[in-house]
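The data blocks that follow each hold one structure.
First chain A sits with chain B, and in the next complex the same chain sits with chain C.
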Partner chain A sequence: MQVFNAFMKIMKKKVVISVMYLWVFAIIGIAIAFSDGGTALFEQNSLRICVFDEDNTPESRALCDFLDKDNELVTLENDRDIILDALYYDRVNYVLTIKKGYAEKLAAGNTDDLFESMKMHDSYSTVYMGQILNEYAGTVSAFIAGGNDVVTSVGKAADVLSQDAEVNTASFGEEDNAVLSGNASLFFRYLPYIILGTVMSTLCPVLLKLGKKDIRFRTNCSGLSPGSYMVQLFAASTVFITAVWLVFMVIGAIINGGMYSGTAWLAVLNSFIYTLFSAAMTVFVVSFEPSNLVLTILTQIFTLSTSFLCGIFIQQEFLGDSVLAAARFMPTYWYVRVNRMLAGEEPFDSSLAVTSLLIETAFAAAFAVLAVLVRRAWYGRASAVTA
Partner chain B sequence: MFLHNLKYELLSTLRHPALIFWLMLFPIFLGTVFKIGFGSIYEEDTLFSSIPTAVVETADNSILREVVDAVSGDDSPLLKTTYTDEDTALEMLRSGEVKGIICSGDKVTLTVKNSGIEQSILKSFIEQYGVYETIIKDTLENDPANAQKVIAALSADVKACTEKPVTQGNTDLFVQYFYNLIAMVAIFGSETGLHITKDNQANMSSLGARRNISPTPKSISLSASLVGCFIAQAVCMVICVTFIVFVLKVDLGGDLLLVYASSIVGGCLGVTMGFLIGSIARISADAKDAVSMSVSMAFCFLSGLFISNIKGIIADTVPWVNSINPVAIISDCFYCLNLYNDYTRYSVKMISMAIYIVLFSALGVILTRRKKYASI
Partner chain C sequence: MKNTVVKAENIIKRYGDLVALDHFSLEISEGEIFGLLGPNGSGKTTTINCILSLLSFDKGSIEIFGKPMTPTSYDIKKNIGVIMQNVAVFDELTVYENIDYFCGLYITDKAQRKQYVDEAVEFVGLEDFLRFRPKKLSGGLLRRLNIACGIAHKPKLIILDEPTVAVDPQSRNRILEGIEELNRNGATVIYTSHYMEEVEQICTRIAIMDKGKKIAEGTKDELKRMIRNTETVTIEILGLEDRIKDRISTLPHVYSTEYDGTKLTVGCSGGKHNLVRILGVLQENDLSFGRVYSELPTLNDVFLEITGKALRDKED
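Showing the complex of A and B:
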């Protein structure tokens, strides 16, 4: 158990730095879980609308009430820069100005140029709201043409427009299968970035210390077999990364609003397998005895590239086919596939879930084997040099 | 003496592998990843394009067909329709080929797979059709004399809203990832800045020990190190921006010269932040590296490197965070240049960066001074 004990002694000395990394990544994870996660940018039914009512008449207020029924009215200062920021960062989807003279124009049956909207680009929100406003103005105009006064027409238009169309949802047997709360599924989506970053940042310094030339040479000439050395190294690494993983699982459970239940345990298993992969990859990378700098570089490259290309920072449905085809060769892609099923973003397919977990496990095993092979080759070379 | 030190500082900085990677290769790598990942998301998913819709005619409804054809026919149609049978339409909906199925039976209905803005537009479309049908029927039943006027009003081409673009800049939301990438490279200049203290403090490196016993005044060796790092960082920032703009062909928006200027000033800010972190305490070089990296990544996260709209969320909840986050300030410079017509807010951001540079340098110098070989 000498290697195991040495690992733990070194870890104890580096515990402050490890804890610092752990908490930085944990705080990032918690912050992500309670953010919108950017999903609001792409999927929305109710719009956040800011209305500047320059007319301020019963008719214009009736329009505001009508819009408020299915949307969220947001108040903004009438300042171009503030509006620009709100539109750019998607805090507001549509900015509408009801022009002065709106009620008079409407009463005269004139439906042109009643409003002005500020837009960033031709988005779906702009088209949708344009359609709603035209429909509203057209309907009021029709009631006025039918002999009603403007106030009655506005009321009738609001009534008739509030009748919902018959909309059926085709489920195709794909019922809502979300087993994690929205915040927890977001936390688990970003977990590969957090785990890989934490494991590489905390495990590498310890493994590097153990692999230092002097220590390695002393280990080589001891009675310890390379096999036993690797077993102890993997055992110590597993104990450490399990502790790290447990911290994140506890945070996940708190974010989830309670202990995981039913299929949600699959998310826990998925994250554990990914943690094992992260540890195996870290041991493999450290086998080459890189410098601290190269390790930091590799950590950033692995964490950021897999996160951007496999669907963590940008959801898989928005990534191009060629990007996803390349991402299939990374375990992070398969982690995200399982997580998407558990978050209800795609139909749950148990065989795909099992396949994904097996692929992740295979990646972990492959890196562990590679680490052993590299170590043997490295020891062999070192023995040849020392001989 | 200063120029002599500066020359060797530049040579040693440019030969430093960390600098080559963090400030030259890493942005090239990450920028390429961004370009591959975000390539056409903006055009395909953010900008409006005709909504693919299946139309199933279970009963003869010539009015609906006319209306559907009208919104499917012009230059920028609302719908991209396919007339088909129910089974094919359902299969198309299942596979995602269409966003909804409009069925024209006795009553016009919509079938969708999930909710979203495209489905809401389809719902609004059939509601509009239903509303107009109801109004005409009611008028014909209750007030046939006005029917012609009502039909004319409903048939009129309504253009109630004038749309006014809020900016002339590049409105691609994903360009902000590139702003944050440049800002990240700038703040990673802290890695270069850390070496100033490492190379000047006797207990941090053998070079620091040699420098401490040399007759060169500390003020000269430190200022030469700082200026050398500024120059090296500036070169790296220029390479980074040039690669993004001219190789990846990303439209950052705004005046390109000012983009270069902002990135250079941002890089100097990163260097001074590293200088300050390196000067703060007598902790190990590894710990200083860890602090510098963690602080930089945390700033990058809060600026939106990982979640595009987090800066907006912070602006709504704790706006002062954006005002003090150095990475957010750097990326805001590019944002202001791109979207704003005037330079007021851009100037504020540049002044904020200058204040940070002066503050970090001054604090770094104060913390470094009087640390003689004997006193460490």
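Showing the complex of A and C:
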């Protein structure tokens, strides 16, 4: 068991990377679990507005009334220093001066130079207020141009602009069909990213170390058969990836609020198959004997690209057809499909679930076979070069 | 009659159009320190790799301990120790763990392995560094660790492929002494190098290789007898006239004279008192001279005379 023991001893030195990934993910997972998933995602903002009406006509007063509906009108002394103080200390957000001749200009259909404004900074609210005023003046002007008198036009414009759009948070899921809790489904959604990252960044350096040219040479010279060597390496790798997977499953169970039940076990199986794929992918990458720098870059490329393209970081609903078509050639896509069914984000289809799991398994097997082929070709070439 | 440990016959190894080993044959007896000497790229490492069955070859046969050597000859491999020029150890393991790991590839019994590892540690003198990691060791100590990893399982045949490359003279001497001690303890040694001084110092028999061929084989004395040169006399002298140089050329046993303006080099083949006769000619002509050297032939002279080129580049 020399190779097995050496694997574990080297792994001990590298496991800090795993622990780092684990902590980051555990913290994110727990934060998700304990976060308030409240529905108050949208709220209407109102500004504190001070209006100086230099025109003092029914039209200008109508504008004041319009602004008063959704905002708080504040009274200030018309003194520049006082106004600046009020803006600075946030006692007022927007200072509007309706200039003399406002009503006359409106009646003439001229909407230029109707207002002056002062604001502390260009927050979206104050910019939006500027747009509302322009829109208001433009609408009034349009109604007048349509043959209405000024008073009617002002009233109609206020009515039109007072219509609020109703905002609802849309859910793509059919929550009644979900077999995983919301937090657990989020956990399982992000799991491929973290599993692939953990396995690649931890297992790769250990396998590379054991397969280093000079070490391999020495091992090949020994009385240890390649078969025994591979069995020990396989056993050690299996122990490692199983341990990593189990740790994540325990975290998942905590986030789920209890042990998985019924169809939820499919998520567990799904993650296990994905872990196998991650291991096969790792062995495939190791076959090329990359340097540490290249390995780090590859790990980031694989984990991030699959996460962005296959629906982990961005829901599959938001991805274009061409992206999804390409993503089908990645096992992560099929993992996400299964997870989406379990999260109730799409109708559960058992045949699709089984197909997805089989496709993931096929990817794992394909990468394992590719790894063997590359290894043979690579080592054959390497020995020819070094001899 | 000693047993044959390694027997290679007519090995041909090609890499495409390049013939790395060209009808190479070799026979090494038990208890020998056999030197494979040759310039870089002469085929020494290819020979070793073929002997260890790490490389297949196109033609020929190799027997070790009287049995054919194949990639699956694990019973043979168990009795071979290999020490390469590159240090092959794990940076993550301690000195002790490293030796234990490589010894464990051969010895499965824990108690026996512990004893062997302890003996190997003592042999290379790393007792005070057992818990050190390789990165904390100096270059010389690292080489000793490399050797300990290769010999801990007490192999009967030890193959050392240029183990002293980039090693300081002190560590080099210690390594060479260690090899001789291993040999005294019963191990047969194959030693490859392009440092002729090392090979001359420790090897009982030597094969000189060039371009994949064995161009000479024998003890160092046998090899030196193969060439015409028996003595090279070098004299530092200024203003040597051609007539005096020609006079020296006619002396008995002198077969070559070269003068570069400051140094006269005279090649002699056999005979005694060559130096006295040459200096006599200089005295007759009342010429003063500086330092005088008389050198016996080296393996480099052997290589030079056989191949027409130096064994080792000056920068080596």
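The rule is simple: the second predicted complex is superposed on the first by the 215 of 387 C-alpha atoms of A that agree within 3 Å, B and C clash if a C-alpha of one lies under 4 Å from a C-alpha of the other, contacts with A are read in each partner's own complex, and residues count from 1 in each chain.
Assume a residue touches a chain if its C-beta (ideal position, glycine included) is under 8 Å from a C-beta of that chain, and two chains touch if they have at least 3 such contacts.
No experiment lies behind these values; they were computed from the predicted model shown.
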| item | value |
| --- | --- |
| Which of chain B and chain C A:A158 touches, first, second, both or neither | neither |
| Touching partner for A:V247 - first (chain B), second (chain C), both, neither | neither |
| Per-residue contact with chain A, leading partner among chain C and chain B | B |
| Chain B versus chain C as contact partner of A:R91, first or second or both or neither | first |
| Partner chain(s) touched by A:R218 [first = chain B, second = chain C, both, neither] | second |
| Touching partner for A:I10 - first (chain B), second (chain C), both, neither | second |
| Which superposed partner A:Y124 touches (first chain B, second chain C, both, neither) | first |
| Shared chain A contacts, counted only where both chain B and chain C touch the same residue | none |
| Contacting residues of chain A [partner chain C, same complex] | 2, 5-6, 9-10, 13-14, 209, 212, 214-215, 217-225, 383-384, 386-387 |
| In the complex, chain B residues that touch chain A | 17-18, 21-22, 26, 29-30, 33-34, 36-41, 45-48, 78, 90, 93-94, 101, 107-121, 123-128, 130-132, 134-135, 139, 143, 146, 149-150, 152-154, 156, 158-167, 171, 173, 286-287, 289-291, 293-294, 297-298, 301, 306-313, 315-316, 335, 339-340, 345 |
| Contact footprint of chain B on chain A as seen in their complex | 16-17, 20-21, 24, 27-28, 31-32, 35-38, 40-45, 80-81, 83-91, 95-96, 109, 111-139, 141-147, 160-161, 163-170, 172, 190, 193, 201, 205, 292-293, 296-297, 300-301, 304-305, 307-309, 313-314, 318-320, 322-323 |
| Chain C residues within the chain A interface of the complex | 13, 15, 20, 45-46, 49, 52, 54-55, 72, 74-75, 77-78, 80, 82, 84, 86-93, 97, 101-102, 104-106, 149-150 |
